[in-house]
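Note that the chains are named A, B, C and D in the order they appear, and that numbering of residues resets to 1 at the start of each chain.
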């Protein structure tokens, strides 16, 4: 009975990681973390579970980017919005802090087999998960339209970089401080039409995910939603992160968001029960 | 019902303190702490109770020195030996760390009314408490002999400074790495005789305190021991730090080490029960 | 009788004799529960009395107290002069001792009320009257109530034992307890195996369960929550779940200004 | 019958289906207790199932499981192939259901033993057979024991309720339990007042008390400790107090390599 080095390239690792850079990004904090072995297993839509000092429950964060670093090998970036005790603690950690990192975790985004048009809609910190997806889609010659939303300019993720990852970028803020003023919901029909998307990918608060799923269904597009359901482990061990879905057989089920998700088909989620 | 500003100059305060300097000192860590109002109330033998992140129980530390600092007003120094979770955490804190500080706490050393000879015996980190005592005694024209002991050179407190505070300084290490090789116990009779002490003050492990108390009694000298009994609060609220003593009336009692002590007459402690 | 406890009380055994708390809290008007007082003086336990564990403390202090006589002569008058609303916690080995304590305390000037400690985590070790069954606890409360003026409150402090707490609260209330305190420490062990009681934030979810079950089953009984309160948020949790007041113990050992801070914050709510 | 449990087991409900643990622990030879399985599939609770509290978690997962049939068809064979020593945790609403579960599991290849969940923190909410009194728990154990081969262990998992645990352990042992697991979660409440069970380091002192009292009163009964084990030191505390093995639950949610690490460190002791 020993700790095993995960053999399959798909299996997550539990490693002793380290914060190697930290910087402010609007209302968020961008952390670069060395977590040996984790970046190589990454696929867009994965997340990591991090240990927060003094807390039993792990905290989940989308993997925003994999970077090469000369000193540490490949590293991963996460975007932290400081709000509760765990996220505030993480956001305050200096370079050099050691962190237990488990990942990559969860089902990644499903990619279209053909080079179709894709609409990526992200609101708040969760938009972070869409950037590596956009790159992967571009590599597959998909036309990527990226819509980034937030309550104001400070709550937008990496807008500058967005221009590099996507063919078209739309920015929406609730207060109109940058981009167009309004909500994702209002602009969705237009976005779907203009992008002519065959697949819509969504990340953000439940309302955004639901709106995208419904709008996509109306247009006959597929949708994929990156769902966040609170849960203590992130590894599938506890069944503590219930996600109400409809099975392929049409039967309502509750699955583990961290393991059967967090990325799920938008038309499978029973949004009213979330 | 409000938090009150302690009115009596003798009463302890509970304040938001800050680590303003930290440096290695052999096996120990010397922390300088700003704790507004605490230094002004200090008398030699007092200690402070500090909050350690993530822990319910407070940790007690002898006040080693009061210093003037231009930016922070008077500050206090403590000597931390990193061994358990609390002391390791403290020793690792950088400048700027905020710490809840309660103090000064406990009964201080009783000072002789006349300018008599005094022997101060300290082993390990606890010797820290003797330095401000030595100064106070010198101010009262007492002849101070200071004996500092430790298992090796790294476990001696401020030996350099000792020369300034005391007329005679003896250094004893278990491994003979500096000073004379041996234990305090072995050298006590000699120390008492040479110093011709009317009062012996002791700080260190229980064995040292007991040896000093007994040797003093044999010589007809008074003794004062700075006792460390584990307890969660340090403020006298919980009765969690039992110190077995003999009352003035000869009746065995258990008193609170943090409040009726930590400095007690050596001949009053029932050492066998500690 | 309406009981005005104030929303935040000092829990038994965690406020020293009052003097040690005074530098950090103006006791004027504060509901202060003394550590448990017995007829005769008790030394308390000699070994390690309190150890730290995850999220709390395990203690077996052993009820050190100077005995009723000495308490009446020294500690009580000081507390009364400081303006505290003094609730004397009483503990005894027989029903007769409880009755005695109540009778003598009823004549002492300045006693606002009594708290009957019928929830110690290990009665045998303490040589206390055993309250294994709810009717035992109720008989203690009845003995005290008979000897103490009907216009002053008698609180019954129970173990936070989910499987018996509703029955215990009902029995104590019927026996005359003005309010029921939920509760004392949770029975636990020190790392070395000795019996003790667990307190602090770790026990809050257990106390909350006792409170919700009791409040639902006994809507007419005033309940005081005690266990793990350390800030205004944790106090509000209990007050929101039906407690008329909270007591604060362990948190005072961590930060002696806790009662003052929580009371001030809750005062701001009103 | 001697029982070889190995000193460190995976606690019920905290090892997923086994597959999710496999990247972090070579299951070969590991005593793995499944989450509690019921005859029919259960969805589990829909609201927040687990919240973090000081030193632990409060959970009311609601026994989500695919039902016995599906479990036998998919999860069990996978665990057996991985080499795990599978202890199936069983839960039911009637004695008949428990008997049924035991009978059908006795025929399934690769079941090392059973664990009878007679200590859920809130049976009513779960529609489980109520085990308020020790003889209720014993009747469940007896029903299971009758249907399960005598040469394979049946563990009885109790609530860590100090006031009843000794009686409960005695009754279950007399009813045929090979060993008694102390225990399930401590009855508690979520911050919003819903009933749940407290687990993690916060409960270790409570479980230790249950263990020391039971070990002293029932020296012949093999006891397995469960509650708050998170490193070798906490495991040794229980093993030193008389447990033949420890189970690890919550700590796996915090660090999925815990069982592997603790087992390795304890192995170094030997």
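The criterion applied here is as follows: contacts are C-beta pairs under 8 Å (C-beta built on N, C-alpha and C of every residue); 3 or more make two chains touch, one makes a residue touch a chain.
Because the structure is predicted, anything quoted here is derived from the model rather than measured.
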Length of the line joining the C-alpha centres of chain B and chain D, rounded to whole Å: 49
CA centroid of chain C to CA centroid of chain D, Å: 35
Junction residues of chain D - those touching two or more other chains: 55-56, 200-201
Touch-based graph of the chains, sorted into line, ring, star, complete or other: ring
Interchain contacts, given as pairs of chains that touch: A-B, A-D, B-C, C-D
List of chain B residues in touch with chain C within their complex: 1-4, 6, 8, 11-14, 51, 55-58, 100, 102, 230-233, 235-242, 244, 253-254, 259, 273
Chain A - residues contacting chain B, complex: 53-54
Complex contacts: residues of chain D adjacent to chain A: 6, 8, 13-17, 19-26, 28-30, 35, 43-46, 48-52, 55-57, 59, 61, 64, 200-201, 250, 252-257, 259-261, 263-264
Chain C residues within the chain D interface of the complex: 53-56, 58, 132, 159, 161-164, 186-191, 193, 195-196, 198, 200-206, 208-209, 211-213, 228, 237, 241
